[in-house]
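These notes are about the structure you will find just below.
In this document, chain identifiers A, B, C, D, E and F correspond to the written order of the chains, with residue numbering beginning at 1 in each.
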Amino acid sequence: MNKKVITFGEIMLRLSTPGFARFTQAESFKALYAGSEANVAASLSHFGIPTAHVTRFPENDLGKAATQTLKRYGVDTRYIVYGDERMGLYFLENGSMQRASRIVYDRFNSAFAHIKPGMIDWTEVLKDAAWFHWTGITPAISQGAADVCKEAIAAARKMNITISGDINYRRNLWQYGKTARDIMPALIESTNVIIAGITDMENCVGISGATFEEACKAFKQAYPSTTKISTTLRDSISSSHNRLTGLLWNGKELLQSQEYDMPNIVDRVGGGDAYMAGLIYGILTSKTDAATVEFATAASVLKHSIEGDVNLVTADEVEQLVKGENVGKLLR
Amino acid sequence: MNKKVITFGEIMLRLSTPGFARFTQAESFKALYAGSEANVAASLSHFGIPTAHVTRFPENDLGKAATQTLKRYGVDTRYIVYGDERMGLYFLENGSMQRASRIVYDRFNSAFAHIKPGMIDWTEVLKDAAWFHWTGITPAISQGAADVCKEAIAAARKMNITISGDINYRRNLWQYGKTARDIMPALIESTNVIIAGITDMENCVGISGATFEEACKAFKQAYPSTTKISTTLRDSISSSHNRLTGLLWNGKELLQSQEYDMPNIVDRVGGGDAYMAGLIYGILTSKTDAATVEFATAASVLKHSIEGDVNLVTADEVEQLVKGENVGKLLR
Amino acid sequence: MNKKVITFGEIMLRLSTPGFARFTQAESFKALYAGSEANVAASLSHFGIPTAHVTRFPENDLGKAATQTLKRYGVDTRYIVYGDERMGLYFLENGSMQRASRIVYDRFNSAFAHIKPGMIDWTEVLKDAAWFHWTGITPAISQGAADVCKEAIAAARKMNITISGDINYRRNLWQYGKTARDIMPALIESTNVIIAGITDMENCVGISGATFEEACKAFKQAYPSTTKISTTLRDSISSSHNRLTGLLWNGKELLQSQEYDMPNIVDRVGGGDAYMAGLIYGILTSKTDAATVEFATAASVLKHSIEGDVNLVTADEVEQLVKGENVGKLLR
Amino acid sequence: MNKKVITFGEIMLRLSTPGFARFTQAESFKALYAGSEANVAASLSHFGIPTAHVTRFPENDLGKAATQTLKRYGVDTRYIVYGDERMGLYFLENGSMQRASRIVYDRFNSAFAHIKPGMIDWTEVLKDAAWFHWTGITPAISQGAADVCKEAIAAARKMNITISGDINYRRNLWQYGKTARDIMPALIESTNVIIAGITDMENCVGISGATFEEACKAFKQAYPSTTKISTTLRDSISSSHNRLTGLLWNGKELLQSQEYDMPNIVDRVGGGDAYMAGLIYGILTSKTDAATVEFATAASVLKHSIEGDVNLVTADEVEQLVKGENVGKLLR
Amino acid sequence: MNKKVITFGEIMLRLSTPGFARFTQAESFKALYAGSEANVAASLSHFGIPTAHVTRFPENDLGKAATQTLKRYGVDTRYIVYGDERMGLYFLENGSMQRASRIVYDRFNSAFAHIKPGMIDWTEVLKDAAWFHWTGITPAISQGAADVCKEAIAAARKMNITISGDINYRRNLWQYGKTARDIMPALIESTNVIIAGITDMENCVGISGATFEEACKAFKQAYPSTTKISTTLRDSISSSHNRLTGLLWNGKELLQSQEYDMPNIVDRVGGGDAYMAGLIYGILTSKTDAATVEFATAASVLKHSIEGDVNLVTADEVEQLVKGENVGKLLR
Amino acid sequence: MNKKVITFGEIMLRLSTPGFARFTQAESFKALYAGSEANVAASLSHFGIPTAHVTRFPENDLGKAATQTLKRYGVDTRYIVYGDERMGLYFLENGSMQRASRIVYDRFNSAFAHIKPGMIDWTEVLKDAAWFHWTGITPAISQGAADVCKEAIAAARKMNITISGDINYRRNLWQYGKTARDIMPALIESTNVIIAGITDMENCVGISGATFEEACKAFKQAYPSTTKISTTLRDSISSSHNRLTGLLWNGKELLQSQEYDMPNIVDRVGGGDAYMAGLIYGILTSKTDAATVEFATAASVLKHSIEGDVNLVTADEVEQLVKGENVGKLLR
């Protein structure tokens, strides 16, 4: 069966301080290329799912390096377009203990922000795809990015491809004159699988609810294409210690994963993308919803043990954690 | 209002093994320049308080590098004097788990140990200062250091400057023929804000008490210039896991901060100096005593999340921890 | 009194990924030379016990580097023989949190696997020794290694030297046509001090028991030379967090050490070898069995705080942990 | 026009000492995956030529990491097969000044050595290829590798694909019972473009000549399929300083490139493979023979400025060096 | 005598690949903060000259880190202003041998590009200054930067302060709608000491000449405030090997320094700024013109031995090189 | 034949800046333990000569680490004594190009400086030795060190052991009240093989000469025990580029080695000690004087290609360089 997943969104150069150094202590930055949607593709690729990522890079050595990163993870890069402008980037200061992690974004005016409708041939891109994935970051970047996202969703809808969207409300984006509520409803309308917390729903489409389940019901009422809504509950005891649980509402019931304790976090960035990839994998491989939310949550937990944004684990490793096998072992 | 703080004491080259390496494993040492009193100045400087540090360095490249470190932190270095002899230094082996950290001092015969009365023009140094800070390490180093410390305290007293002293008893110093009890009482006599635990009081001035509060009362009786006495309670579960609470006795009542759990310590050296800086900041900015001890303790906790001796955090970050805001978050 | 300990076994080049990197992320590997039996010798050497290790290395720069490592730890290398073939090696991916650590062995056809009876003059090697130590890894490597192990045990027996064996069953060794049950009984027959868990006993000599103590009794019945059997109970909460207890059965009673909590493990490889060295040290220095199991367990705990396979701690440091002294302190 | 190049051969894990460290000084090894034929593919891929590499890897994390390396360089990995056994590897000690570089090979019994005829579907692999490349290393590894190499050459011949061979005589390979002279003639017989120095010709097919040109003529006489023979002249003044010239005999005349001085070599491993890639590129893009040998030599020179085995430069950069443009500039 | 030097211009975050890595190989970037004019200030500060640098930074952690860098070098930072927007940055790939170094600029829309007249109180800044220094990079960045530069030059002129300008024509700047020839003449008009090569003069003010001396004469005719014009002759044999000579035209004669051979360059970025600082130092300390050009050239040569943009050498070290003393020695 | 060599002298902790960093840039120091005489022993040990080094270390972790370094090199450490005081140390800033290297010594009051006659049982130490080696550094450190050196020389003389001395005049030592001319003659009187340049002879014993040969003749006249005098001619073109020639006067003629060009020096510290070790090796293995001076010079050249003070090369590697074999090769 065809299971190819297409993702679309910006990839940035992530520059993080070494160890637990503060920005003013950094004599160097670790460098890698990552973005929420591409992280999902790379993670799915490690699960054995064919993937392609669509984005726009500057036509320079940084764009070339970012492309090589995707290739290395087995993500098809043939649909990437190149142009002027710059690579978006972000600086990350790793928190520890009670001290928070900090991100300084520097992504305005990037090559991706200058993407325009017509630059991507979506019919070609989606021709053998089973799934299209987007996030709320993309329409927040620029009018062009929002338009292309809409273009892609329309094409996918027409081709009967499942569409997922991570409704990721980021207050400090949305600076091109539109608000989330202006733009997001039209995108969500055609989306089937949604990741959103209560505040995301409130911020993006003005739906609220006393509980996650109630909000989901209202959401479904407003957006009947929705088949599943999911989110994670994260308890941030400190930068080094979180607890994580997954929630999945399938229109009928609210399923909840086991809670995982994570007292020695290596890198939490990309934890949500790992969850999204797990969710897509569960649905694509016809797991039950209960199994899907367990798989997605365990995938996200494993991500926290890995440096970088991408969840470099196999589906087998995730399944073993779901079953509680090999946890903390020394596998010879 | 004038809030300038003057600190006085030795700065050493700290050479620490990388990661958790033992001394015999070290192929390299991380290098930085630090000292208890200068750490207080650097921390206050990050809180926005003008500071100057007074010390004596060897006139060589190491003395120059140490001066640059202070400049970088915004500490005024114009009163530093230079001479012969050597840079004092200490080697640090980072403990982990149950294994203790170890320090090998190599500070005898340093340029600072050869400081002599008359080398520093204290009237000039203190002319626009609001506060003078010293510690019990300085008089333990050499007769000259003890004499200059006394000289500074006398000048500060005369100029009506608040004086703080961290009565930090170190058994393996005091090798020049005098004991703490010979020297410390005269210095403490003019000091207003004291950091001392029960054993420090016992060792330095022979005052004891069943509880910290009782010892404080006896101390105040003996040294009526004292306005506040403070200390921290540290529960060392392991090298990686401590718990910390601050205590502040203000002549009337004993105030106690909330207790902080620190199960993933990055670097505990300088934790006491961060506390001292927090205390001075609280008093200088007219916080209540209750707010001051909370601020000082939270400052010290954040220090444990930072590599090196110096607490590279802003007053805002400390206030947020006191309020429990942003703890362990990913601030975008 | 003579206390020299002779150990025999393969030493490999250990290549571990930096930090918590996965194999596919590793741009470099940390390199060190280690092996179960040599780790015991090196640890004993740090306790002040004279030791020599016997092995076979390839006659190349890697063999030379491995020899230098042993010399550095004070282990006598004069009985090592050199030949053709290769250095055995293993790749280690450090796990963290719920993610397991992984070892990829690459040790077949090593210089050690080609060792043959007659290559070592055991009478010369053992002439002033008090103790001979072997492990179940050696006879699993090749017929030659098994034969030389038997040769050594026979010589030691004849010379009335105490013999210890760590019955370490490794499923993925034993590939030369013999099984553990074919080979191990003859080696165990002459061994006095045994480290073995219940499953090791089952796998190596077919002895089982409902409890460790019952298995020990059956073992002693079958192998009357046995004087002590010991093992550790390890509770692997995660790769970063284990709990450890030692058990020692002395023919009369089962002694159990205190349990240690280890929530911030630095490196768990070699933890069992550190335990073995602690056991030998306790017996050689005539500690009570209760003190011996406490010493061995504390030694193993300290190993978990040290990078690499070798327990670079002194006997004093272990004694202090047994007494709960200096735990997590900053020793100036 | 179709220009796809297929390469076939072993890829090893290269473990090199950091900086100029000797083996006994190495606390770590830099790790990368490389092999003569794959280096050619990766270099061509950077020149914009589509490539695929065929090899056999162990089915473990090292095989996975090696595959990712090829993907990153844009080399198609779909024809790689996986099996048991191990990853071949080599240890590299970087020489400097008069001190030679040293390689310790550890490649016997690798997954590639166990390749067998029938494992690769050469008709499928070569179906849209313009060029097939092999080297003399492959038939030296094992009978199976020699057989598969022969199988591939036969298939390519049948499909009228240009065949190149780097006749790279390595004395310390050829340990499976056959000599180069037993095996190489049959492979060379169908090969069109040859890289071989005088001693390679002597060792592999017993052809000698007073000069390179004379040897070429005799070679062509014996192996009439040969269209071009090429080699480089390397003057090794020291490990840090070489001079390089390329020679290309095209059946009619001997063309010689300019000589390049290289007094600050970064990494010379892979210099010959970069030359080979340059040669193939020149021929595939229909350069004159004179331009081809200049391109190949300049490509090889640039490789010496790059860490690792692979020549990470574009065709444009090579062309610029040929024209003497931008040499040593700071391109803003 | 008052010798304070004020410099004005952008400071960027420089992100350079480690060692000789290409951009696509970089797993990390070395980070430092530098800019042509600030490099001059920092170098002068190492020569013992009081300096202050004026710029505009974003009000974030990167702006704070950049400020600390200047403080560390002893450059007065009190006149720096802070605002919105971003830190300009550039990526540097270190060339080696024949391979060129490459810079990818990412400086558009920086906080400095948004500087506007009135933001800096030039009368206050220049009140105790002897010298003002600007470069041709600043007016190329934005209209605002050009306007503030003009504002500063006017103020300096009015206060009779010596003005130097490094006419550094950069083709890929000047993107805000003006050309160098539109803007530069007005700035040069009031400038006294000029660094410019023949092509800079051509590009910026349309003056050309068969020789440097002839061009200088024409320049002086057109811009009579000019007292000295200087440049360096750089012979780029390779990225690792350059030769350098300084030229100084003083209105009467052309002085030329000795030529220096530099076959093992560590870092050439900032070499021109080191030359400029040497020139200013020579004039400020009343050296002869012949001595000044020797000092400036020797200063620039030493810069090539130092990592980073800033010339961390003392005036004594430069003087020694001018005299040929201590060259290549091991000073104990 | 017995060939054991005993060396005597201080070993220091060498702390060098990474790469070409200046002291003020160093965030870390590379650490190793070295000393002129111990370097000779370690080098001889790599040549296959049995050696023991005698020194005094502080009884702390640094003394332990230094001892382990010697053990690793195969130098016998059984005669080392331990005491109070500190480890001597030195800081090294690596020069490059025209910029000189700089050493900041910090060795006063070391454990070795406090050595006293009677602490070493020289009869025991020298009992199976063929050679005793000392340098002019030792008597310059303290009266005690000078006395023990004299004690050792007297014992060696009595036991008919060949004595070598490297007359290494260091102006900034000799601070305990004696001059070289007070102390050195008595030590030289019994020494047979001398390394000394013309200025060393002048400074230490007041002998001068127009040429090295003439000075040698005068030296022999004054000190008839002398059998050979040797030195190296070093042409320091820059920190990165030296030329080296060896000279050996044997009482009859002056022999001169070939000159070596060294344009890419890795580390020149210890070059003289490598020469000394080569000289001793040549004499001990009965080479001709001409062969000895070639061997010693080639040994010294190879040292310049190795990081650290110790010449980690075999006698075979030196012989190959003498013959011009394998220079700059890639040995597979």
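Note that a contact is a pair of C-beta atoms (placed from the backbone, for glycine too) under 8 Å apart; a residue touches a chain by one contact, two chains touch by 3 or more.
Note that the coordinates shown come from a computational prediction; the quantities given were computed from them, not determined experimentally.
Counting only chains that touch, the fewest steps needed to get from subunit B to subunit D is 2. Comparing the chain pairs A-E and A-D, the larger number of C-beta pairs in contact belongs to A-E. Set against the C-alpha centre of subunit A, every other chain centre is closer than that of F.
Subunit C and subunit D have CA centres that are 44 Å apart. For the pair subunit C and subunit F, the distance between C-alpha centroids works out to 41 Å. Counting only residues that touch two or more partner chains, subunit E has 22, 24, 27, 68, 102, 263-264. Shown here, the protein chains touch in an arrangement that is not a line, ring, star or fully connected set.
Contacting chain pairs (ordered by label): A-B, A-C, A-D, A-E, B-C, B-E, B-F, C-D, C-F, D-E, D-F, E-F.
Taken in their complex, subunit E has these residues touching subunit A: 15, 18, 22-24, 26-32, 60-62, 64-65, 68, 86-87, 89, 91, 93, 102, 104, 106, 108-109.
Across the complex, subunit F meets subunit C through its residues 68-69, 71-74. The residues of subunit B lying in touch with subunit A in their complex are 260, 262-266, 301-302, 304-308, 312-313, 317, 321, 326-332.
Residue ranges on subunit A touching subunit B, taken from their complex, read 19-22, 24-25, 95-103, 105, 170, 172, 236-242, 263-264, 268-269.
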